[in-house]
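Multiple structures follow.
The same subunit A turns up in both complexes below, where it pairs with subunit B and then with subunit C.
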Partner chain A sequence: MNKYFSVARLTWDETFVYRLNFVMWRVRAVLQILTLYFLWLALIPTGASLFGYDQSSMLTYILGTSLISSIVLSSRSYAVGDEINSGNLSNFLLRPINYFLYWFARDVGDKAMNIIFSIIELTVLFVILKPPLFIQTESFYLLLTFVAIVFALIMYFFFNFLLGLIGFWSPEVWAPRFIFIILLNFFAGGLFPLDILPKFIFSVFQSLPFTYLLYFPIKIYLGQLTIIEIFTGIMISLVWTLVLYIIVQYVWRKGLLVYTAQGR
Partner chain B sequence: MSARSTQIALSSRFSAVIFVIGKLLRFAFFFFFLVIVISKTNTIAGYSFWQVIFFFATFNLIDTAAQLFMREVYRFRSYVVSGEFDYFLSKPLSPLFRTLLGGSDILDLPMLFLSIAFVVVAVVQMEAVSFVGVLLYLVLIVNAFLIGLSFHIMVVALGVLTTEIDNALWMYRDLTQMGRLPIDIYRQPLQGILTFAIPVGIMMTFPSKALMGLLSIQSVVIALLIGIILFYGSFKFWQHAIKHYSSASS
Partner chain C sequence: MVISVSHLSKYYQVHKKEPGLVGSIKSLVARQYEKVKAVDDISFSITEGELVGFIGPNGAGKTTTLKCLSGLLYPSGGEISVLRFTPWERKYEFLTQIAFVMGQRNQLWWDLPALETFLLNKEIYEIPTKRFNEALSELSTFLKVDSLLKTPVRKLSLGERMKMELIANLIHSPKVLFLDEPTLGLDVVMQQNLRDFIREYNKRHHATIILTSHYMKDVESLCKRVVIINLGKIIFDGLLDTLVKQHAPYKLIRVILKRNVEENILRTLGRDIKFQYPELIFNVPNEKISETVAKLLQQLPIEDITIQDPAIEDIIREVFNSEQ
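Here is the complex of A and B:
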């Protein structure tokens, strides 16, 4: 286990080597938060409500999804496809290291750094903008939010890994990732709460895994889901996590059969 | 050069199709979001549905046109790092021209046509659009291209000095994204910063406001002055950068 901890720590240290890159990445994240924050502030004046959200709950949703996305969506495993294409995968196949755990450790190191910076940024924004935030005090909801986030980050890891495995069959690993990011931005609820959509569309979304990456955890935090809805959501997350795990394992094994270490 | 980059873009049909679909989806999703919101609120920051769509379509028109023509800027870092930029300097073609416009991206064309279509439909749907408004819109669109061009010149000049370009370029993209909707939604002092310090508002919001008759003639003059000053400043910065280019990586 120590070696994976070392990988996570090295990823953390690596971020400090490319400091400017990281700082700019975070500045970009702040700009994206500000755009959504002011849009919703313009749409929901103080005292008003829209789609069942008052100003406080909507701004908590927007800032909360930003924090959750820094936990769930920050990753390094996007580089798996390039590793396969360049033949670097061979190095890992020869070593006593689990390739999945290696990348998961890399993701954890990256997430740790992003979480810290995200908390600092949100604190600064909180001091400057003084938004009327909803603070959840019930430990029950906080615990379930945490559980939902853990499922979300595992699901996202499998998604990322699966997209990287395209590298076994094609050098064009970035085009599918591009479309995945666009779908994710819309379907995960980062732009708006998914329950503002017409009921039929929302019920379709609820069966997709994207809903459980951002929307579901923040809705638990806001206390806007019933106990049954929360446990149903966690069960769906669990099923999707298992399904994705099985698919990733299957594709990985198939991929290794066609892997030729091209580029080495 | 453009023909060559078009051939490269289309050489991988799978990626080309995916990228085009992705761009169209991104447009469609945000459009859908606006439809959902305005179906409840009727307005955003006081603007009607078609006015908001007009702002959004104009943003896409300017943003896409800049990417279509100046895609080469996204590859500029590799030219500097690999030393290939030295060849640009030794050829009888302006290195700035080669750097900015040396590789247009044909994959942005469908988005450009879609944006123009939405601009036209929104104008038809909006009432009381005057000839002067249309004229000022076109002038300010050209001014927006000039500001976009200036930003790209500054980015490549920075690339020559520091070999760092990607972050500056994506920062520019994120800042301009704040102009997807009228900058009136932002509160002061952010609105002021986005208008004058980082002229995203002049670039993305002013043309549409001019067409709607919501922009004073003083604002139009200030917008044009800022466009010209930015272009002149960016050109001077490029000249400064090129004088200090050390060709260290080649």
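Here is the complex of A and C:
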């Protein structure tokens, strides 16, 4: 396990090499949160409500998904496709290291950085703006939110990895990814709360894995789901995680058969 | 037997595209594939501690063979065993005992000092600290980069980076080494250093080494045994000396003349002659050497005379030509 810890640590170190880049990245994150915050603050005045969401729960939903997406939807494994095409993958196949865990460790290093800075920034913003946000105090919901986020980031990791594995068969790994990213944000509830959609469509969404990436964790946090809904959701996440794992492993094995270690 | 290969084949599917717009559209709708036989039914075996040179023109199948041996590629047919493992299964015990050095691979973390990559490899290969420190100081002293270990990789020169890559590749003291064009891009001094290093490594660790190179000097100075590959097939496997004897049963007699001589006179002395005053080169069969030298000394105004083996490059070229 030590090796994967080292990978995570090196990823962390690497981020600090380009300090300006890192600072600008954080500024971008803060600006994004601020614009969303003021937009929705203006859309729903105090006391009013929209689609059954009052001001504080809608603000919490929007800001919460943006925070969760910065944790869940940040994965460096998009580089897998390029590594396959450039032949760089060979470096890993030649060493006794698990390629999945390697990328997962890189993600962990990356996410740890993002989480720590997000918490600092949010605390500062909270003190300055004193926003009317919904604060969950029950540790039961907080714990389940955490569990849901862990499933979400593993599922997203597999999705991203799978898109990278296209590289075994085609050098064109970017086009499918762009389509995926656009669809994902909608299906995962990054644009608006999904339960304002018609019931039928929403229930279809619920059987897909995307809902569990953003919408589900934030709804648990808001305390708007029943215990049964939460456990059903977690079971569905678990099943999807396993299914994705099996697919990724299968595609990876098939890919290695046709891998040509080209380029170098 | 450390490495044994029997009837190994590797075919690639290559997609063909006709030129022009029509060709592009055609290839979008219905791709044409062509099977390329990169390696076609080759067999050989190598014992522990051997240092073998693979020779062949570009695209002969040398690198593909090494990729199969190191487990990067699944063979299309045949059996391979390296250290009693099947390479493509990529078992932990197998991977910790091999290294594949390619001339232009980069596993170093670009923005971080090379030492960080070495330390990561220490964890990956689970090398005990004591052994790691010994290996690192041995390698970095020999390659003269011990002062650069803490410099970010992107600030290093190409040669320095190559040396760091080499250290990263060898830090786990592999028993079997595949070197694909290891001297590519290095200056003459460094090439010599690297050759010394490979020879030394082979002796000290009793490592089995396969080397491919375009520089015949690499092969000549390092390998007793050579395997010549062309178009995916082995056309010679044996000692370098044997190759020379078989394909070059002649020597070169090089003469420097004191003054110019008419070409007619030269013709009577031998058939295969290159002449550009004052240098004169005879191509003489081994059994006629002494006879010819005696004749030359008698009949020509000689300043200097030497007898040489033909260049390895020429012999190899002859081998390829006789194949076609």
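Convention: the second predicted complex is superposed on the first by the 264 of 264 C-alpha atoms of A that agree within 3 Å, B and C clash if a C-alpha of one lies under 4 Å from a C-alpha of the other, contacts with A are read in each partner's own complex, and residues count from 1 in each chain.
Operating definition for what follows: contacts are C-beta pairs under 8 Å (C-beta built on N, C-alpha and C of every residue); 3 or more make two chains touch, one makes a residue touch a chain.
Everything quoted here is computed from the prediction, not taken from an experiment.
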| item | value |
| --- | --- |
| Contacts of A:250 with subunit B and subunit C, given as first, second, both or neither | neither |
| Partner chain(s) touched by A:13 [first = subunit B, second = subunit C, both, neither] | second |
| Partner contacting more residues of subunit A (subunit B vs subunit C) | B |
| A:140 touches, of subunit B and subunit C: first, second, both or neither? | neither |
| Which of subunit B and subunit C A:90 touches, first, second, both or neither | second |
| Touched partner set for A:126, first subunit B, second subunit C, both or neither | neither |
| Which superposed partner A:28 touches (first subunit B, second subunit C, both, neither) | first |
| Contacts of A:259 with subunit B and subunit C, given as first, second, both or neither | second |
| First, second, both or neither for A:179, with subunit B first and subunit C second | first |
| Subunit B versus subunit C as contact partner of A:43, first or second or both or neither | first |
| Intersection of subunit A interface sets (partners subunit B, subunit C) | none |
| Residue ranges of subunit B touching subunit A (in the complex, touch as defined) | 12, 14-15, 18-19, 21-22, 25-26, 29-30, 33, 36-37, 40-41, 44-45, 164, 167-168, 170-171, 174-175, 177-178, 180-181, 185-187, 190 |
| Residue numbers on subunit A that touch subunit B, as the complex places them | 20-21, 24-25, 27-28, 31-32, 34-35, 38-39, 41-43, 50-51, 170, 172, 174-176, 178-179, 182-183, 185-186, 191-192, 196-197 |
| Complex contacts: residues of subunit A adjacent to subunit C | 2-3, 5-7, 10, 13-14, 17-18, 88, 90-91, 93-97, 256-261, 264 |
| List of subunit C residues in touch with subunit A within their complex | 12-13, 67, 70-74, 88, 90, 92, 95-96, 98-100, 102, 104-107, 109, 111-112, 116, 119-121, 123-126, 152 |
